[in-house]
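Every chain is named by a letter (A, B, C, D and E) in the order it is written, and numbering of its residues begins at 1.
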Amino acid sequence: MGALDLRGVAKSFGKTPVIKGVDLSVADGEFVVFVGPSGCGKSTLLRMIAGLEDVTTGTVFLDGQDVTNLAPAKRGIAMVFQTYALYPHLTVRDNMGLALKQAGVSRAEIARDVGRASAMLALDPYLDRRPVELSGGQRQRVAIGRAIVRTPRLFLFDEPLSNLDAALRVATRIEIARLHRELGATMIYVTHDQVEAMTLADRIVVLRAGEVEQVGRPMDLYNDPANTFVAGFIGSPRMNFLKGAALGEQADTLGIRPEHLAIARGPGPIPGTVSHVEKLGGETLVYVRTEPHGLLTVRLFGEHDFAVDEAVGLSPDGARAFRFDAAGRRLR
Amino acid sequence: MGALDLRGVAKSFGKTPVIKGVDLSVADGEFVVFVGPSGCGKSTLLRMIAGLEDVTTGTVFLDGQDVTNLAPAKRGIAMVFQTYALYPHLTVRDNMGLALKQAGVSRAEIARDVGRASAMLALDPYLDRRPVELSGGQRQRVAIGRAIVRTPRLFLFDEPLSNLDAALRVATRIEIARLHRELGATMIYVTHDQVEAMTLADRIVVLRAGEVEQVGRPMDLYNDPANTFVAGFIGSPRMNFLKGAALGEQADTLGIRPEHLAIARGPGPIPGTVSHVEKLGGETLVYVRTEPHGLLTVRLFGEHDFAVDEAVGLSPDGARAFRFDAAGRRLR
Amino acid sequence: MTKRPIRWHIAVFLAPAVLVYTAIMIIPLFGTLNLALYGEEGFRGLRNFRTLLGDPLWSDAFWNALGNNVWFFVIHMLVQNPIGILLAALLSSPRLRLAAVYRTAIFVPTILSFVIVGFVWKLILSPLWGIAPSMLDAVGLRGLFAPWLGQEGSALTTLALISVWQFVGIPMMLIYAALLSIPDEVLEAAEMDGITGWSRFWKVQLPLILPAIGIISILTFVGNFNAFDLIYVSQGALAGPDFATDILGTFLYRTFFGFQLQLGDPHMGAAIATAMFLIILVGVCLYLFGIQTRLRRYQF
Amino acid sequence: QEPVTLTIESWRNDDLAIWNDVIIPAFEAQHPDINVEFAPTAPAEYNAALNSKLQAGSAGDIITCRPFDASLELFNNGQLADLSDLPAMANFSDVAKSAWQTDDASATFCVPMASVIHGFIYNRTAFEELGLEEPTTVDEFFAVLDAIQEDGTYIPMAMGTNDQWEAATMGYQNIGPNYWKGEEGRQALISGTQKLTDPQWVQPYEQLARWKDYLGDGFEAQTYPDSQNLFTLGRAAIFPAGSWEISVFTPQIAGAFEMGAFPPPVPAEGDTCYISDHTDIGIGMNAATPNPEAARTFLDWVGSPEFANLYGNALPGFFPLSNAEVTLEDPLAQEFISWRDECESTIRSTYAILSRGTPNLENETWNASANVIRGTETPADAAARLQQGLDSWYTPAQQ
Amino acid sequence: MAARSRPGRSIAAHAILLTYTLIALFPVWIILINSVKSRRAIFGAPLALPTPETWDLVGYTTVLENGDFFGYFLNSLIVTVVSLALVLLFGAMAAFALSEYRFRGNTLMGLYLALGIMIPIRLGTVAILQMMVSAGLVNTLTALILVYTAQGLPLAVFILSEFMRNVSDDLKNAGRMDGLSEYAIFFRLVLPLVRPAMATVAVFTMIPIWNDLWFPLILAPSEETKTITLGSQVFIGQFVTNWNAVLAALSLAILPVLVLYLIFSRQLIRGITAGAVK
């Protein structure tokens, strides 16, 4: 039995269709990550699952029960809002404890659960502050804390870590993963962070303009994208798309990830000139202008020096290339 | 012109000191990135520069002029708020155009400038919507657009890309860099994203708990951190800190970046067991439990398979290790 | 698809107010308005209204009162509300010192009872006791003084201004409350955009508080068309001089409850009340359906 | 037996102390089984409040009666009890009772309590200072006013038009009876043989129109209390008055100057003088009272000479209507009441019958008097307007 | 918030506010100084400060000696506070229903609840009094409380529903996600967030109740239930008004409302929703 089932759910704001018929089954205890470009409908879909947004057509099932018209409060879902939506008049402690209080949990238990969440989110010093007295990242953590002190059957996270620094983000990500393991709860998680998506997800759902493009395990999507959109979206930096014809390939487009493009000084299979070099510390990205493929990205491990306008030759690793037809569909 | 000088600026909220005496000179046309853990005071410092927050002590100079008591509106600064702070009653177009209109710019010019910004931020379809009708990422882009349509001498960006997807983030980052080059304006940019910090910054300012830990060019900070805090903060995944004593080193702590830790199956200089493997597509992170160094991260290029609990040996690249004393200061 | 469950809570939220209000206001009031259809001799249909609007004895007084009322309202709209908005805008400037003191001081007249207001303004404006004349004298404008409350040309305007003085606190407080709900950061954003002072008010704050301004307009309208006490205490039920200050409220009071030797006529009184009610209702409906539904509201 | 408590409804806030300190103790001493409580309402609210309470059944046992139609209406509605058979009714003349009787005089429903007399109170000290005498004719009156005007120390006459009733009651009704010959004119108006446009009814307005020049600066905005204060503070020389002012002025002046009074001057030397001796307060019984016995006992006592003495002396200026001989101690009150001997008495012309319809003649008279004094309406126009209004609903033949 | 106060502009703001404050307070000042002067001095020189010769507390002594002035005070206070509480509670509840839920007849219900401000409630006096007589509530404070509650509701609903529309949906939705019932959302989230509006409504409701003369006169004129305003009416006579006493009584009567106003106006605080959403 699926914990969550979306059957043809669609949503329009006025005349603008925003979600265009999504079918999705999420198994009980699964961790599903929604990714997709900004504005593709991730938050809207999450809100529809939560019951905050009317479903224009389609049905939402929770544990096999049709909840399309059930009030949000009755669905037993916890949600981290993209906009946080903290209670401005309550302290951090009360923001996190309100749901428990409402559920009639004893004071001692509330204190314990809130304490645990706040410790995990490094919020202890701020428990008696109100949201207005917190930094952006602290607010976001309160929003996470508010969701996780409850132990619902379904968690919805809408970009919960976007305002956290790298260390905190890793730590919190690990805590969420641990929580998922321990509670066995179903989690649906929206993120723009590739690392989060790849590391947390049991399955990733790639959305584009209100439609599901592909659903699959992270490395499956990475290694076996269904089309140029998914191929381009999963993996950062983005996959390079080369013109098949120019390379003597049958496929219309050849997709090669930046790490699978070798670069050498001097001429090579695909000649080009260095346009720009980004040194990120542990890796170096070289942007190479080529004809007719345009700007290609090469990703190198470690630190490397290339001068801008230096002539270089790129050689694609043909074995690891993805081939797509003119419509962008993968050729297998 | 847009040089900025902070001389001993400090800020307390009530009795809580939040910024504890920051001295900083930003040259005209420089791109400075503030990084630091959540809640360390980045936004507060930005707001002090903008004039939105009283300076408890210290002086702010813009172009050599003391502006500590100058109204924000008179400082000629554009700012992207971490919370966006869009005008709820105005369309996207008017949100972006209001400042120009106020400055008495002609309609045609406003239309042209707004059009340029909206094209750059992929906001064209939304120009006539109001903020409530936008997704999180769209709102954030409007906030960026509102700042960049003006051409002030100083830009302040507070985590402007946090809610954008990877592709858009890269594109926008590149646009901001281009804008910086073209306008020659001074930019101060807060981010939690390592890639943004490394690629955009002329100089990075690392803040901790309201104090400046180190200021320097990105690769200088990466290759020459002053202390464990900076070393740990710059670079993702985080640097591993090993106990010097256990490695027969004089230094108290040895810092080794995940990419400089070689891993081999079977025994090695530092024996351990695999705790967890994260496959990110282009790279693989292996978390290894060791004695007495705790959990160490190893970063490998490409896809690798390690089984959890597998015994492995790690060998640090001694030449690339950083040595720190017990107080965390770098030993050179 | 499951049916939407009945939302009982809506009924629960509405019930106490609706019950108390219906029992104690609506039933008695409409019972009274119903009298308009009757006369001494029994059911008269709409003849009371025909008398009110057709018989010059009544209609002259009615139109006079209505006209005065319109003027009374116009003054409030042109003077009270702009001043109230101005004061609220000033008071809401962040970090204004003494704001609470000003706010309280400006609100004090609103607290006063009509008896006191009538007394003190008559005292001040009285030609006899010299407050207004001597104050005008001090600024060399003694010549401007006239017994304003006693002259047909100026009495109504003077009273309207007194009423403005008394009630400016109402729009001020409402607008102030509305301005408070605008998030600081939106104002900060405006500040960064170089939008300060009045242009901030016009371009940012005003559009966000338009619904509140709608409310004060409609409250002013309703309040003015129901006004009674101030005129009654200062000019009496006959609203002198020569009915120059007669508004619908005093006209209604005189008719309904009677005055001096004039016995109360609940039937004609109810007819006037009904006419007033309809006038107000039309105004309110115009607002509710024509304006309010078009006002955009912004959530903070 | 439980003592019953009677509550008196009244508009006479002013008399609260008198009732509590003098009248009620006197009654309760004789009737220990009856408690009386005097519960006055501010005069402006009295009629409306009383009517509402009577209709809803929460009014007091004893009702203070306004004269004429207001009370008649209550009686016709069955809200005031018929008191024709009350023994004390014998103590009152028909004229006294007429204010609280049905038109055919078949039933009397309130015990008459007091009347008020109009005239002019003046600052005797000022008159002496200026060497002026009490005027007896209109010409003398204006001569006196001119003399005061000339001197400039005093405002000749304290009257304002802001409150309107002042102009009608202390102006028109005060000086009018001398022109329309008191009861004769009043009855003629009721029977339709005279019109308000007849000279005897217009002339008082003409005199009022002349008053304008002698009133203080800004009299248009002057209220009745302003007039009172002008006079009692010694700034005005003459105050067109009602006798009730005696009890108001005496303590306020507190000996600062001497007061005198003269009746309305007659148009020509030797004319008979007429005064408005207006039946103003009566007292009756709520028909729905649960204690009719006690109430009647009380009312019977109110009709007694004892009450008349108590009341007349406690409130100088409110003259008992009882036939009983009452000795008033206040000299000014004595002066006023002495006019009953020299002049013919009448009541205010608009009170009986003529203010039954709309437009209400009394209210119109207020308006007209104020307008005429302010000069915004000519006497002839005002009179024509009043008559036209009266004609619109009043047909004397109906009488 | 904006750090710097710009001297020029703030001087102008203070100038305007100060001017208006003077206009607002001048008559009040006249009332206060004259309430401690003798009657002659009030009309002799109303602008003058009380001097030893004109200083006269007769007004205050008359007031305090006349009737149970503190009892009247208490009655006024009870009636005002209880009616206010009911108006705020019931009004806010109804306003919440109207502003939060879309249901059939929503606008009509709003209109229905607003009808009350369009007709002077005085007209219903007889019916109301009859109702109170038959319910045995005449001369009880309950009668007044009921009437004032009904009378205050339309305005409260009207204003509060407008302000409640400003409360962020996301916030309420967060509450719903937290499992809060609609009641809890109302009491725990919405009510605290419309505090400025509640304070405003409280003040608007309180003043007419406190100053009302008519219903105390009709419904509860007995000595035990008299309100302060009604108590002060004793000094307004047919031909003469004891202005010393009226000024004193009504000056005294301002104090409690002023205190209530100050209490409520503390709820007028800036940034009540700050930090809620980004």
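Here is the rule we go by: a contact is a pair of C-beta atoms (placed from the backbone, for glycine too) under 8 Å apart; a residue touches a chain by one contact, two chains touch by 3 or more.
In this text, all values refer to a predicted model and were calculated from it rather than measured experimentally.
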Quiz prompt | Chain labels contacting chain B and also chain D | solution = C, E
Practice problem: Report which of B-E and D-E is connected by more C-beta pairs in contact. | Solution: D-E
Quiz item: Per the centroid of Cα atoms for each chain, what is the distance between chain A and chain C, given in Å?
Solution: 56
Quiz item: What whole-number Å value describes the gap between the mean CA coordinates of chain C and chain D?
Solution: 37
Practice problem: Could you grab the centroid distance between chain A and chain E? Build each centroid from C-alpha atoms only and quote it in angstrom. | Solution: 54
Quiz prompt | Distance from the mean Cα position of chain B to that of chain A, given in whole angstrom | solution = 20
Quiz prompt | Residue list for chain B, restricted to those that touch at least two other chains | solution = 52, 71-72, 82-83
Quiz item: What parts of chain E, by residue number, touch at least two of the other chains?
Solution: 1-2, 43, 125-126, 168, 170, 181, 236, 243, 271-274, 276-278
Quiz item: On chain D, where are the residues touching two or more other chains?
Solution: 44, 229
Quiz prompt | Contact footprint of chain D on chain E as seen in their complex | solution = 39-40, 43-44, 125-126, 129-130, 132-133, 138, 213-214, 217-218, 221, 233-241, 243
Exercise. Enumerate the contact residues on chain C facing chain D in the complex.
Key: 57-58, 122, 125-129, 146-152, 232, 235-238, 240-243, 254, 257-265, 268
Quiz prompt | Contact footprint of chain B on chain C as seen in their complex | solution = 183, 185-186, 188-196, 199, 203-204, 207-208, 296, 298-300
Quiz prompt | Residue ranges of chain A touching chain E (in the complex, touch as defined) | solution = 47, 50-52, 71-73, 76-79, 81, 83-89, 98-99, 102-103, 130-134, 136, 139, 146-147, 150
Quiz prompt | Contact set on chain E toward chain A in their complex | solution = 168, 170-171, 173-181, 184, 188-189, 192-193, 271-278
